[in-house]
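In what follows, chain A forms one complex with chain B and a second complex with chain C.
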Partner chain A sequence: MSQETARVNESIFTPFNVISGIIIIAGLIVTVLRFTKGLGAVTNLDNNNPWGIWIGFDLLCGVALAAGGFVTSAACYIFGLKRYHSAVRPAILTAFLGYALVVLALHYDVGRPWRLPYPIFISQGTTSLLFEVALCVFLYLSVLFIEYSPAALEWLGLKKIRSMIVKLTLVLTIFGVILSTLHQSSLGALFMIAPSKLHPLWYSNYLMVYFFVSSIFAGLSMVIFEGTLAHRYFHHKMDETHLKESKDVAFGFGKAASFVMMGYVGIKLIGISIDNNWHYLTTGWGVWYLFELIGFVALPAFIYAIAVREKNLRLVQSASLISIIGVVLNRFNISLVAFNWQLPSAERYFPSWSEIVISLFVVTLGIVVYRFIVTRMPIFYEHPDYQHDN
Partner chain B sequence: MDTIFYTLQDFMIHSKSITYILIGGILIGLMLFWLFLTGRDEKKRTF
Partner chain C sequence: MGISRRQFLGFLGAAAGTTAVSVKKSEAAANKEFKGYPGSFGVLHDTTRCIGCRKCEQACNKVNELPLPKIPFDDLSVLNTKRRTQQDAYTVVNRFVENNEGQPVFVKSQCNHCLEPACASACFVKALRKVKTGAVIYDASLCVGCRYCMIACPFNIPAYEYNNPLTPRIMKCTMCHPRIEKGLIPGCVESCPKEALTFGPREKLLKTARQRIEKYPDKYIDYIYGESEMGGTSWLYLSGRPFKEIGMREDLGIQPAATFTSGPLATVPVIVGLWPVLLTGIYAISKRKEKISEEERIEAVSRSVAVAGEVMKAKLAALKDTMTKEKEAAINLEVRRALEEAAKKSESEQQAESAKDEPSDTSKEDK
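Right, the complex of A and B next:
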């Protein structure tokens, strides 16, 4: 009896559970502080810096890295690349959780969660970009929920509803691509209202194009990186088809990411040229800009290319990680580092520990829910009852 | 030495001239990169 108890205790207190448990408890404490004492009590935000890491990381990076959902489903269902079919469900799940957590994190910044439906149903600000973003995120989260639901319905054994939803796959994919194009670009366009605040190297009339194009390779890289982690921790959950297709997915997505990233470098140069901002490249800000563009876009694009040519899986996985860091760095630079660049350092923003705790809390919640779902539902394998149904 | 622009026309001619040349270079560069990227792909026979 005591041995059984010891075994149960041992299985509960794994390093993952302990660390995630601590982060979740800390996050819940800061949540109470945020919603009882206000933004001022837990953040370093002020009138100069009204958006901190809850927007810069949780929202901007969350949305960009969740782009794997629309990229993978478009590749499979619109472009007919059926050899990537096994990557669709994990990508849709990551995107669904990513967007759900973006909405959750937004509550912390906006406050008064009971008024969240107001911009959509009661007081539509149709001339505002934020309204467009809100509408797209609301609709796309709904689309992702429906796209993800067959996995949950298979798990629950609800065959009739599942077969009805599966018939909607193509329509939902098209809808997802349209909505993603709209709001990924709008998030960049949000910063076009502040030409005097954002450093000229990052500010451009093409910001919305940059955000959309970078979201494509962010999504592709995220699918590769997530696949790497999934193989490490959930290998036993994968069926033969998934294991067989995974290398092809990594090389195919790596090749696509490589070309898109080189195109992205090209349009960034065009942006500098059309505004004649070349002289900024020789300043300290220019070095930081080139560090981002060369070190985290051009370099991983080249690594991807070498990896695809050499069929080196490890190299593709490394490039995916560098690319993801690059996208996060780009969003941080635009929303935090190069924003308010002219202010004296004493007035610049640096996140408080409680803001960081909430960001960690949101990411941890995502990982815990992801783990709960993939260990129970048919995400990495096809459910035996529906194997010839896709 | 920095170029001095007296009118918007001057500025647009300067920046657009450089940009159009740059776009040409980027298009050629992207084609070459595509050839590098797909250089070792298995060739599909279409005949």
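Right, the complex of A and C next:
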């Protein structure tokens, strides 16, 4: 409490506020340009490269890195790993904000954003994997909102609605896992329609499995990484249970991530064998592929294993960061780098400054809202009124 | 099968608000082949006849009411650089390598109007659809502008109005669908001075193409491009040069694009059906484990309580035993000590009696 009052007395020009303020202003300027001059004025997209980082980063990475929500709630409520209970709320909050921002970012990218509900309510293109993604993201965003709402309702003191929603926890968790399985994998399957454009090393009939499995360790790593940052900046908000369990969460999730990543490397190799793509590994693309698979999946998996064995928290946290970069790299490779690989380099895509500004803008908005919520609502601690009914 | 497939494609563009037609995902993977709507139209492009005059581009621009380009259509210098279809150019002619006779080869490109279009299969609002005339047409009133059709198109044809901020459309050749419905032929075909383009029912065009190859085997490569590419296209091409030398990909395969995504789509209902069972099962198992471990804990506690009781009893008994023994020992000791003392006393008395006159001894006894 004392720290909160101290903050009020501080100048509002803290480094955080200044940097995020600049990014938000820049973002608003680009927003105006986007909706007055069109995508052509602010992006480097063209007819050969219709998808840029607003899809490759904001959508694909945003959804993958928000997987911590379904992974953590499944671990706690379905698999019965109760000792991770204190990690559920932060993970659900991040997932909810992540998905909300994914949808926000889509408003910039699509031509007529007010028509985003069309595939669900007006004209259902059921033959499209994008339809499947749209439906699941819409439903899952709603599920995440409900899953997150008890924290807000406790803050607002609405006990009755809160206790009704808490009773839905298991059903919502199962629903969330189903929806996540479907759209995490479908995001990968989106690219299966274009085997002639995606490099054979990244194109696979297993793309959907790869996307789903990598979303699991993306989610696990995100929970660890986010926990690291939260401890640094919101330590005073955490209750005893949270502080006591957080080490367990890091080691437990690190161990799980290590296993899943090893399995992922295994199924990637199976994919190469089945398509007999070994000969591509000796090309430049092959080197880039191995850089991604060995440097950013196998290596962090190994680091996780060592760190968990030696109970080295710092090392687990480093591994989580490398894993997150690995997932981002993978999504970039599939949607941008290895996509249209046969086009001459002059016709390839590279993001413009404005595109990067909007991506940063969206991430910054997420951090600002996250900070607003965790400093007010019971995210890192249990509300004293509800301590015993979880 | 043919009918259901036809329904599927026909309904792709069903009017807004109608209920969704659930598509049988297994269809595409089945051992069936869709060879286009019977009697549907196409265009045969004989590249050996094309002279690169750009009359087709001009006609296309006119019938589709597209903005006039900065460089006029009779300026052939644009052929020096390779071009693709754009939002203001549904068709473009490119010049390629010299042929055997030292002449350049010209190739017109536009939407190929696939029999099973990748773009229509990719569209999540059914804004693109294949119609019975053979055309793949677009409905801007449904389009969200996601550009997934552009990702999906193996020929890189659809273009987008990137500079339109609020109502951008996908722009591409319509095979002059409105003209065909009026009984006219496509603008480009009509304008071609060299009959490099032939409009007609696709089946008939395939025969024509085969006849030409047979008649002039030296002039043509023995292949009709578009007969089976990506499941077949309504536009067909003849060439005197290998197709990959004239900018056309030979590695697209003969599978319609829908078959690439039918597998992933087919897993959706299975996951919806299976996951609740699997997840509830895992929950039940973890719950049961919890319950059993709780029962075991209670049992273990009560057992250890019982065992502890026994041990305690034994200990108590042993303690009692030792205590009684100690007591006895103490009594014995006391008795012995008393006896010894008594013995000592009688001894000292005897000594006192023997030495009665010593006063110091008497004072000692008083203490």
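Brief remarks on what is shown
Here is the rule we go by: the second predicted complex is superposed on the first by the 379 of 390 C-alpha atoms of A that agree within 3 Å, B and C clash if a C-alpha of one lies under 4 Å from a C-alpha of the other, contacts with A are read in each partner's own complex, and residues count from 1 in each chain.
Here is the rule we use: a contact is a pair of C-beta atoms (placed from the backbone, for glycine too) under 8 Å apart; a residue touches a chain by one contact, two chains touch by 3 or more.
Everything numeric here is computed off the predicted structure, so don't read it as measured data.
Within the superposed three-chain model, A:Pro119 lies in touch with chain C and out of touch with chain B [touch as defined at top]. In the superposition on chain A, A:Ile270 makes contact with chain B only, not with chain C.
Look at A:Gly111: by the touch rule set out above, it reaches chain C but stays clear of chain B. When the two structures are aligned on the shared chain, A:His279 is found in touch with chain B, with no touch to chain C.
When the two complexes are overlaid on their common chain A, residue A:Leu60 makes contact with neither chain B nor chain C. When the shared chain is aligned, no partner comes close enough to touch A:Leu93: not chain B, not chain C. Counting residues of chain A touched by each partner, chain B versus chain C, the larger count belongs to C. For the contact definition in use here, the chain B contact set and the chain C contact set of chain A share no residue. By the touch criterion given at the top, residues 2, 11, 14-16, 18-19, 22-23, 26, 29-30, 33-34, 36-40 of chain B touch chain A in their complex.
Residue ranges of chain C in contact with chain A, taken from their complex: 8, 12, 14, 16-17, 20-23, 84-87, 118, 120-127, 142-148, 150-152, 154, 156, 158-169, 249, 251-253, 257-258, 260-261, 263-265, 267-268, 271-272, 275-276, 279-280, 282-283, 286-287, 289-290. Every residue of chain A that touches chain B in the complex is listed here, in rising order: 255, 258-259, 262-263, 266, 269-270, 273-276, 279, 305, 308-310. Interface of chain A with chain C (complex): residues 34-41, 43, 45-48, 50-51, 74, 77-80, 109-112, 115-116, 118-119, 122-132, 134, 170, 174, 177-178, 181-182, 185-186, 189-197, 205, 207-208.
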